[in-house]
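In the two complexes below, subunit A is the common chain; its partner is subunit B in one and subunit C in the other.
Showing the complex of A and B:
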């Protein structure tokens, strides 16, 4: 609708210019009779909208054949003068007026605009009309459809998973290797090191990192291996302690949990890095986990870990740091894999179903992009109006 | 036990003392080539009332003596040596699996790392591994101690920690074993032998813990670093202890050990030795299988790495019910080309279990037994693939190119495409009425890909040859090639999947006097005759998506050796998909059976059933 309004706006400007030119160059025409007015103007609230539109309808002027168009004017109950809303071409007898204030009533007038630029007497609404907001905006029906599809697929997969349908996830080598890494540390009699990134708990990557810490800590408890977690934020330390305590409890070894193995170092990025690097060189951990949000320190840490012969598993959603981790670490969880870890590791039906449902959404988005690109390309190459109208419908209606 | 000079050896006597039967074979130098000439067998006499294994040995050798017309046993009941023109042998060797073979318990720190290496060492030494104790086996210490007490192993193997690694965990394991005081199977005065092959720094600590009541032997760490296994010293120590402790306390073995010219070896270890020798001499990868009544042993040598697994509950008599339960009756029946009443089948299975020595009396029973064998072999091979893996806990080297293809450690090293020779032994395979049936059971169960030679061990001679390989490798290889293996033929099967009836590959076969070419459609099976001593040059042009060893869609040219069955062109795709729906599978299996002539007598039966 908004695009049609924009189109009519430009038509209005063209007609106004035409009228002005006609009056300037053909003064004889301006001196003629005004056309017969339109009649029966009605104004109704536009249904299924957000309370900003009113639909106008009128009966055409008796001089319809010679008209240039109709001029639509509006004023609210708090205004004194009518202002032009639009000038629509002859043959039109309806208009939806948008961008209205729903707090006020609105009065409308429509006049016929003759070829000689004279306007007829107006057809007017007698009582102010108030635009009202419905519970659903009809222009958002495609949005609703997409939403239902995506949420529905999430819910459907959760239900199916709960009923015991096996949902298989692609094997994520980095998460499978957690046992190997902790096992290596156990056999070598060295500790494991877990770095939850350098951001605070408001960062989603830190939370995802702590989810993986839970698994690492449980494995370390089972293997009776030492796990050390230096943090650069005090809140992360507290959360990591809670996570580890729960993990040791789950593993059936609550007595092995040592709160001092999770500690705060410093908020300073490179101060923290210097400490961790020193720790790695001194203690030579056999397994290093980097799970969270990393910046310049990623390569410093990963290279140090590589030099001391540790198995290293990294996970981050920072695209700029991924190449460093991939090159220096044994396994790297990339973006989505990192966030899917929770579902992958727990195997809980709710989480697995949710992950599968989100996959459906990604599939739809991918298909939409592909179709849009192919359609636009085909329209440009063939010049087909039909394909172009489909593309316009897709981009202008379905995706708005 | 001083072996004769290999150049002067002309007559070799070998025995294998099994649980029920003692088998003897005679190998002689005939026309400059070693050949197995005669064989005999007699019941094993290790149990009461005889309680002397040598009685069974003498009985079996006496049978050989009568058949060969060569005196081998003296009036005092001793093996005559050295050989003369008419009597005696130059060397005498023996293997043994009597009394349930060598039974071991192993322990390590991490189940998937040192404990698995220990298991590999024990299995490679020919043992049956009764249980694996590890720090992360999710059992509480009291449960672990209880388990150690319940089992009565012949030998225990402790590993754990790399050199310079953990000592705490290793000592913890020793502290479980010491108070458990496991009792050995044989002899009340016998001290349980324990092999320690773990972190060398922990050895003195382990000595402190394991003192009285045990015979502790410390050898080199079997996993000195996580990147490498060193199983040799542990295996040798197991063999020595097997002779010194286990065999010395088994009835009659002290005498037998004095007779033999090479140490007595556990039967599976000897089979492993000969397969490793063959793989190394011919530069190929080998898989061997021995399907018995209670267990199925699978041996493999891939890229010089030897692995052996014992599937304890997969067998054709005592364990047949377990095969049916584990595989599911639907999976067994998919190999049967006619309808069978499931209730009757269950009765048949139970009968076989309680009367393990019975053999099929009807064609229907034979087809069913071979269907069970397919599933038993398939399951055993799947277990073997899971066990034969790359080492875990190893650091990986990456480049940015590995971003989306990060291989994990612990991958199976068994690659059916690289398999060169598949050797079958065990009753159901060796004694199948037609060689074609043996070949087809192997192909259906193991799903070899590319070019694979199929063979069977004629009279389960591999154990004898395994020991012989230690004393006289040349004799061992000559007999292996000429008399031990019956070459069934070759299987040519591309990897990939397609649609039934669509082209799978084109073939061209050139032998001395003929040339044949054609096209195989997906789902088809064809037998091309190629005699036992014949070879052919085969060119395979797979369709896109199919790989016969050269890569998808790439031409492959190989020389193929024939056999008693011939050359099997298998266009059924890999992995092989046989539906469990009766109608679909019946038609498929019937067609494949007809193509290979598996059961020629079955046609009237099928007509009757239809």
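Showing the complex of A and C:
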């Protein structure tokens, strides 16, 4: 009896060990069956795109309620193996696959992924689908709409300004101080220094900086002050020379223009800083202008200028450098003020109109922020799926 | 005419690139324009090098103030150019062992590499290191409590700086629900949490406001340049 019991116990232990081994090496046996597969997988070219997307759609698995999700795989006609594109949660029955090569056809497979991590047999596309390129990229339509709205308002206000619409501007102290700074340098018999940033002519900040150089050079020509412009890019040197030459001509003193006052130093950031710092310490300019795109050199230059007692005016659209300029300079043109300088200094109706157009842009942005915040709050408070879908459309489609 | 040509090129180039952004067939035109710009910039290097020599040789010739530095610039420039062009100390590449100049000019052990590694890099690092001292002097000036705004700035900076140090975390570590259950409502006052809150709410809001202004400024400025309304960068005031 006891031996028979012993024998039964031993047999049970053997069976348990066998099941454990099987579970270890064949988890499917231990965990149960694979889920039912999805069906009816279709793949279509995504309309109105740049030929890199394909839309997939499938009918849900019969075991949808217990699934972890669906595994989407892809291979192109020039590849042999399928690779995982995405794993989407259960309840999803469509996916847009992006970043595809439009030169090749693409085949897709979708499997259902069970809670036990087992995959079903795949639903597959039978023929390769080629993404095609449309003449217009529909994913950018809202961006185009915003651009047209902003540019339209700028152009509209330019037209209104030309027709004599009165425009008022708030006083920008940094720009008002340009003439004073050049005048101070003239009185002290010291030069003015203009730094147009360390980026090249393909940077809008450099162009904005040169528009201010135009005014500084004109004032320097009128006051007969010496203006020096060391540049870190040779194309900027060429453009700055043109700017200065025309400014001197406009001031009625073309003979006073010296092309050697605009010169190239080096493309290297800290080599340029070393040169300009040395120049500042030796020549002790009375007025320093920093107008353009700056990086780590902003504080080194501005603090050196501060140490030599120069009046300093800076302008940049690099948010990270603004605190440094604010700390070390007498006046700082912050972001949009820097871009408004040209209009402000010229006082031309055309240019002033563009500033009013910018204000419309600010109104639109403000309205967008307000609507977004109110919508998200309302969606959270009411739990309304409709409001949430509106907010998602606004943030996910219109703003991306 | 001197201004009309550049204006037309700017306008045509700008508008074509804007339109190309929305038309998939033309989306690589932007890359093409960037390549053209790189070619221009590469040619401009010659212009820059020539100007550098001219400027500094003139200073040496005029014995202008600091002309000795100009001497150092000219000698360094020519020496670097020479060892780079002639590939001094460069071994032939494995692919073309019979050609003496087939190796890379930046090859480890070459004269150019030595100059870069042991002269240029330390000099650059030295200049960058100066920034630490300038930050200290600028901070000292910026954080003087002259008025209400300056006091607010000083207080905020104090919290941020302290909240990012171990000492700051340790100082307010006693605001802990394990010490007293009521502290669960005040954990936001711990310095490290206050720092995160200030940076992610106040700082981000201010930063975004500036960024929105900059973005709108860029749109308006670009439009003015493309339409030829703003020609001051060409000298017209």
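In the analysis below, the second predicted complex is superposed on the first by the 227 of 400 C-alpha atoms of A that agree within 3 Å, B and C clash if a C-alpha of one lies under 4 Å from a C-alpha of the other, contacts with A are read in each partner's own complex, and residues count from 1 in each chain.
Note that a contact is a pair of C-beta atoms (placed from the backbone, for glycine too) under 8 Å apart; a residue touches a chain by one contact, two chains touch by 3 or more.
In this text the structure is predicted, and so the values were computed from the model without any measurement.
Asker: Tell me the contact category for A:322 with respect to subunit B and subunit C: first, second, both or neither.
Answerer: Both partners.
Asker: For A:113 in the superposed arrangement: first (subunit B), second (subunit C), both or neither?
Answerer: After superposition on chain A, A:113 lies in contact with neither partner.
Asker: Does subunit B (first) or subunit C (second) touch A:136, or do both, or does neither?
Answerer: In the superposed model, A:136 contacts subunit C only, not subunit B.
Asker: Does subunit C touch more residues of subunit A than subunit B does, or is it the other way round?
Answerer: Comparing touch counts on subunit A for subunit B and subunit C gives C.
Asker: With the two complexes superposed on chain A, say which partner A:215 touches: subunit B (first), subunit C (second), both, or neither.
Answerer: Touch status of A:215: second partner only.
Asker: Which holds for A:195: it touches subunit B only (first), subunit C only (second), both, or neither?
Answerer: Neither partner.
Asker: After the superposition on A, what does A:334 contact: first (subunit B), second (subunit C), both or neither?
Answerer: A:334 contacts both subunit B and subunit C.
Asker: So in the superposed three-chain picture, is A:174 touching just subunit B, just subunit C, both, or none of them (first/second/both/neither)?
Answerer: first
Asker: Does subunit B (first) or subunit C (second) touch A:268, or do both, or does neither?
Answerer: Second partner only.
Asker: Return the residues of subunit A at which the contacts from subunit B and from subunit C coincide.
Answerer: Touching subunit B and subunit C on subunit A: residues 322-323, 326-328, 334.
Asker: Going by the contact rule at the top, pick out the subunit A residues touching subunit B in the complex.
Answerer: 171, 173-174, 176-177, 179-181, 183-184, 186-190, 222-224, 309-311, 322-323, 326-332, 334
Asker: Within their complex, state which residues of subunit B touch subunit A.
Answerer: 109-110, 112-114, 135-136, 138, 160-162, 164-169, 223, 226, 392-396, 398-400, 402-404, 406-410
Asker: Provide the residue numbers of subunit C that touch subunit A in the complex, in ascending order.
Answerer: Touch list, subunit C to subunit A: 18, 21-25, 27, 34, 37, 40-41, 44-45, 47-48, 51-52, 55, 58, 65-66, 69, 120, 123-124, 127-128, 130-131, 134-135, 137-139, 141-142, 207, 210-214, 216-225, 227, 229-230, 232-237.
Asker: Would you tell me which residues of subunit A are touching subunit C in their complex?
Answerer: Contacts found on subunit A: 49-51, 133-137, 140, 144, 147, 150-151, 154-155, 158, 200, 202, 204, 207-208, 210-211, 214-215, 218, 233-235, 237-239, 242-247, 249-250, 260, 263-271, 273-274, 278, 282-283, 296, 299-300, 302-303, 306, 317, 319, 322-324, 326-328, 334-336, 338-340, 342-343, 345-346, 350-351, 354-355, 357-358, 361-362, 365.
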